[in-house]
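To start, the structure under review is shown below, and the notes come after it.
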Amino acid sequence: MRFGVVARRDKEAALKLAYRVYDFLKVNGYEVVVDEDTYRCLREFDEEDVLPLEDFDVDFIIVIGGDGTILRVEHKTRRDIPILGVNMGTLGFLTEVEPHETFFALSKLLAGDYYIDERIKLRTYVNGENSVPDSLNEVAILTGIPGKIIHLRYYVDGGLADEIRADGLIVATPTGSTGYAMSAGGPFVDPRLEVMVIAPLAPIALSSRPMVVPATSEVGVRNISLQREIVLAIDGQFYTYLPPETEITVKLSPRRAKFVRFTKEIYPKYTLRIKKKF
Amino acid sequence: MRFGVVARRDKEAALKLAYRVYDFLKVNGYEVVVDEDTYRCLREFDEEDVLPLEDFDVDFIIVIGGDGTILRVEHKTRRDIPILGVNMGTLGFLTEVEPHETFFALSKLLAGDYYIDERIKLRTYVNGENSVPDSLNEVAILTGIPGKIIHLRYYVDGGLADEIRADGLIVATPTGSTGYAMSAGGPFVDPRLEVMVIAPLAPIALSSRPMVVPATSEVGVRNISLQREIVLAIDGQFYTYLPPETEITVKLSPRRAKFVRFTKEIYPKYTLRIKKKF
Amino acid sequence: MRFGVVARRDKEAALKLAYRVYDFLKVNGYEVVVDEDTYRCLREFDEEDVLPLEDFDVDFIIVIGGDGTILRVEHKTRRDIPILGVNMGTLGFLTEVEPHETFFALSKLLAGDYYIDERIKLRTYVNGENSVPDSLNEVAILTGIPGKIIHLRYYVDGGLADEIRADGLIVATPTGSTGYAMSAGGPFVDPRLEVMVIAPLAPIALSSRPMVVPATSEVGVRNISLQREIVLAIDGQFYTYLPPETEITVKLSPRRAKFVRFTKEIYPKYTLRIKKKF
Amino acid sequence: MRFGVVARRDKEAALKLAYRVYDFLKVNGYEVVVDEDTYRCLREFDEEDVLPLEDFDVDFIIVIGGDGTILRVEHKTRRDIPILGVNMGTLGFLTEVEPHETFFALSKLLAGDYYIDERIKLRTYVNGENSVPDSLNEVAILTGIPGKIIHLRYYVDGGLADEIRADGLIVATPTGSTGYAMSAGGPFVDPRLEVMVIAPLAPIALSSRPMVVPATSEVGVRNISLQREIVLAIDGQFYTYLPPETEITVKLSPRRAKFVRFTKEIYPKYTLRIKKKF
């Protein structure tokens, strides 16, 4: 088995734990690669084991950090490599274990005593072309000027779903339902479901409600106010400004995120984390 | 082909249109039955054709009225008979045509030029026994005393989803997502999805969010405040008071509602009707 | 100075602390009366000091319990007697000190080192007559049958404010803004303001928003669906069923609630308690 | 009596009606000035009557346009001149009459048959200095990068009211309560009240509720995430980017907006306009 190790770059404890994980796996005879960015922050890893995330070709990636670190890995890796997330963030909807459980979790992983939790991702097409990362949480189509509403129409499978004047529109996966979509009034969605949440952000018309649609649907978004630049934000990580007349389409990605889990538990595991946001 | 005819009882125009439909179908040589309650309000139907809804054994039922009339038919019929709904109500999320389109719709139906839209229903078990109608819209578990909150725990597939102090809890189908569940803050759900919406009603803790879970899940509800009687309300039609310690379980019903549709359109057909609620 | 002592009846610790407070004040030479209901639960008080709340004519009432106990005192006393609330409940928006601070608080009170926080109350007129207690938190006009919506019109100073189909309507004081009105979507209101919050409960039309109006306004509520009995609930304590055609009017009461406070602090004192609801 | 005339610049009908109003008042012997920007779009006005809004020193301004045009007048004029708004916009919360009522309204105004509706405004201090226009609707403190949350603390009269991670924070007048603040979940506020609404915009923590505080309060806002630039938006008209560490304070302005009204009606006048947003 080959492993990858990635750490949150701004937290020394995460970098140190990453080194201990790396060392533990090497000592046990496994091949281990370390992500370039992690290495840049802690030079103790063997330089020969350093690779950009894009070139990771391993069986598992051990990610030590928060949901942001996992999203970075998801955006950069080119294969659907299972991730074991160790929580060094604040909330940790995606991570599986706490730092003190790291080595116990690794031994279960090595013993094959785990379960792979597959999560859908969304692919975004800008004028028919896909050149942005797939989103594990959400695609947000936002006003380019904070506080200046945009006027959007959105379509589900070609039918007009709604027309809104709002700060933006969020199209989220079940995984992302506890994030930005929830701040916009969206529901919690069971991660086993293959659906999308479409949630308008601060719409003028309060009759514009969040919607839940099949993940196999095609969601089209058109900007009506052609003077207003829009921002496309993927998972709160990747940002790009787009000209007003851009056509945006969101569909199910052929790729999936894979997470190492030690239980199939959903309730209260994820619903409790919502409570912790408060 | 055999037909059934049912009308809203409190609207003369509905009863009269029902008679015209009945007459039209008879004249065209079809067997037609009329529901007992409709007959009680308009005595012009041939007494030999009158039957209680429970004994309807026809190919299609023409329902002239609002969603309430359709829900009454759904609760009483014993087979999943396709319904053609003619809107004589206010909103009409379930009906398909307006009164002036009735005979055009009938001729399309007779010509086989239609589509059957199947909708899931929920079955409720009270202490393990099912003795209440299946719900096409929602199951509501409510405080027995208006304004006195109840304290509930609810479980999805055995895992604790949340614990609430609230006016009640709503478990809705996609069909019911535009009804009571939406008043409680729930999302619009695409009717093609096989999911349930679980929405707390005026919960004290604002972190108690609506949830969307697989329709194949088992939702268990337990009343913690054992002095408080609870009310079980099915589709806003069927009501029963239950003792505090009752165990309520909601599951997918083996039965489905079937609606005659002339298009497969969902957007903006249903999302527009949400706007009309305002 | 004369004191009254009242305790939550279902909590032994509250009753015992009440006795210690009673004893402390007596030993220090003050006249102390005990409420009849408290005495019924703990017979140690001197029988001569026992009085119904309605006959309390003291300078301060020490209330040991939760907000429910304070509301009971407010509903029954006939003069606006300042209350020092010791929190033996869950949230305690109205109470001022925790049990371990009781005697420190009493000595500050005896030393005159306190501040009186006055809160407005609402008076409800049923067909022009006032026969129900004033509300410190809220007046709720609710459906008599849980789950069956009522159809209401409400007026502010004679002008139609909105027409709703809903589970009910809540008219709250600033003090009550953190209670039932907040569950219905209402805002937190600074207790220094003389305003009312009017919040529809699970309205069908999502355009029916909570409103904030001057406390000097007259709020009129009319039930349009004349078959539906309604429930009038005052502070979640006093309940009465009313016939459908009843006219309900809510106005500022000439009475005020008075609370002993040791700081004038509002923020984050009360906003933090909202967080604790989660 | 001296009059000013201002029109929406992008609507020919508004400009033409402005000219007719100007002409009517001149013919009737009144002094009339026209705003520079209006003149730039319609050259028919007498050049001698043209003035920048900043120099308007008249008894009344007739504004033909939508709320945006009125906000422009409010931001630029240096005295609190009563405005008669003729609605050539979409919603028109601030305007008083429809175009066909213009000359009837003018004759009532000339006859002294009107009422002045005074509305509070908010003044914003950036690091203690006021260099931005007063807001009639709202002050919005927003993330400088759409979709990247900011971390704010806000204080009411020096006490910490809440700490949020959100898209921003809105501080609105009663007049602005039907605008951006309502999209963020805030209540309708009776325009007679002297209060502010503080509403977090898409906060992560759903326990962060809109608040209503006295207009005499001082609202302080601090940006905690010191890498994030913020945007200050006044009435959706005036925008400025501010460095992360900026201290923002919002207080009641000594200035008021004054509107010519022909009735003192509030309900259902304004609440109905909320319905029209849908």
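We call the chains A, B, C and D, going by the order they appear; numbering starts again at 1 in every chain.
Criterion: a contact is a pair of C-beta atoms (placed from the backbone, for glycine too) under 8 Å apart; a residue touches a chain by one contact, two chains touch by 3 or more.
Note that the structure is predicted; figures quoted are calculated from it, not measured.
Repeated interface, listed pairs A-C, A-D or A-B, reference B-C: A-D, with more than half of the contact pairs matching by residue number. The greater number of contacting C-beta pairs, out of the two interfaces B-D and C-D, is seen for C-D. As a whole-number value, the distance joining the C-alpha centres of subunit C and subunit D reads 37 Å. Centre-to-centre separation between subunit B and subunit D, using Cα means, comes to 46 Å. Remark: subunit A and subunit D have CA centroids separated by 40 Å (rounded to whole angstrom).
Residue positions of subunit C touching 2 or more other chains, listed in rising order: 182, 206-207, 209, 275, 277-278. Subunit D meets subunit C in the complex at residues 155-157, 159-162, 177, 182, 185-190, 192-193, 195, 197, 207, 209-214, 217, 265-269, 271, 274-275, 277-278. Looking at the complex, you find that subunit A touches subunit C at residues 206-207, 209, 275, 278. Residues 140, 142-149, 166-168, 180, 182-184, 201-207, 231, 233, 236, 239, 277-278 of subunit C are the ones touching subunit B in the complex.
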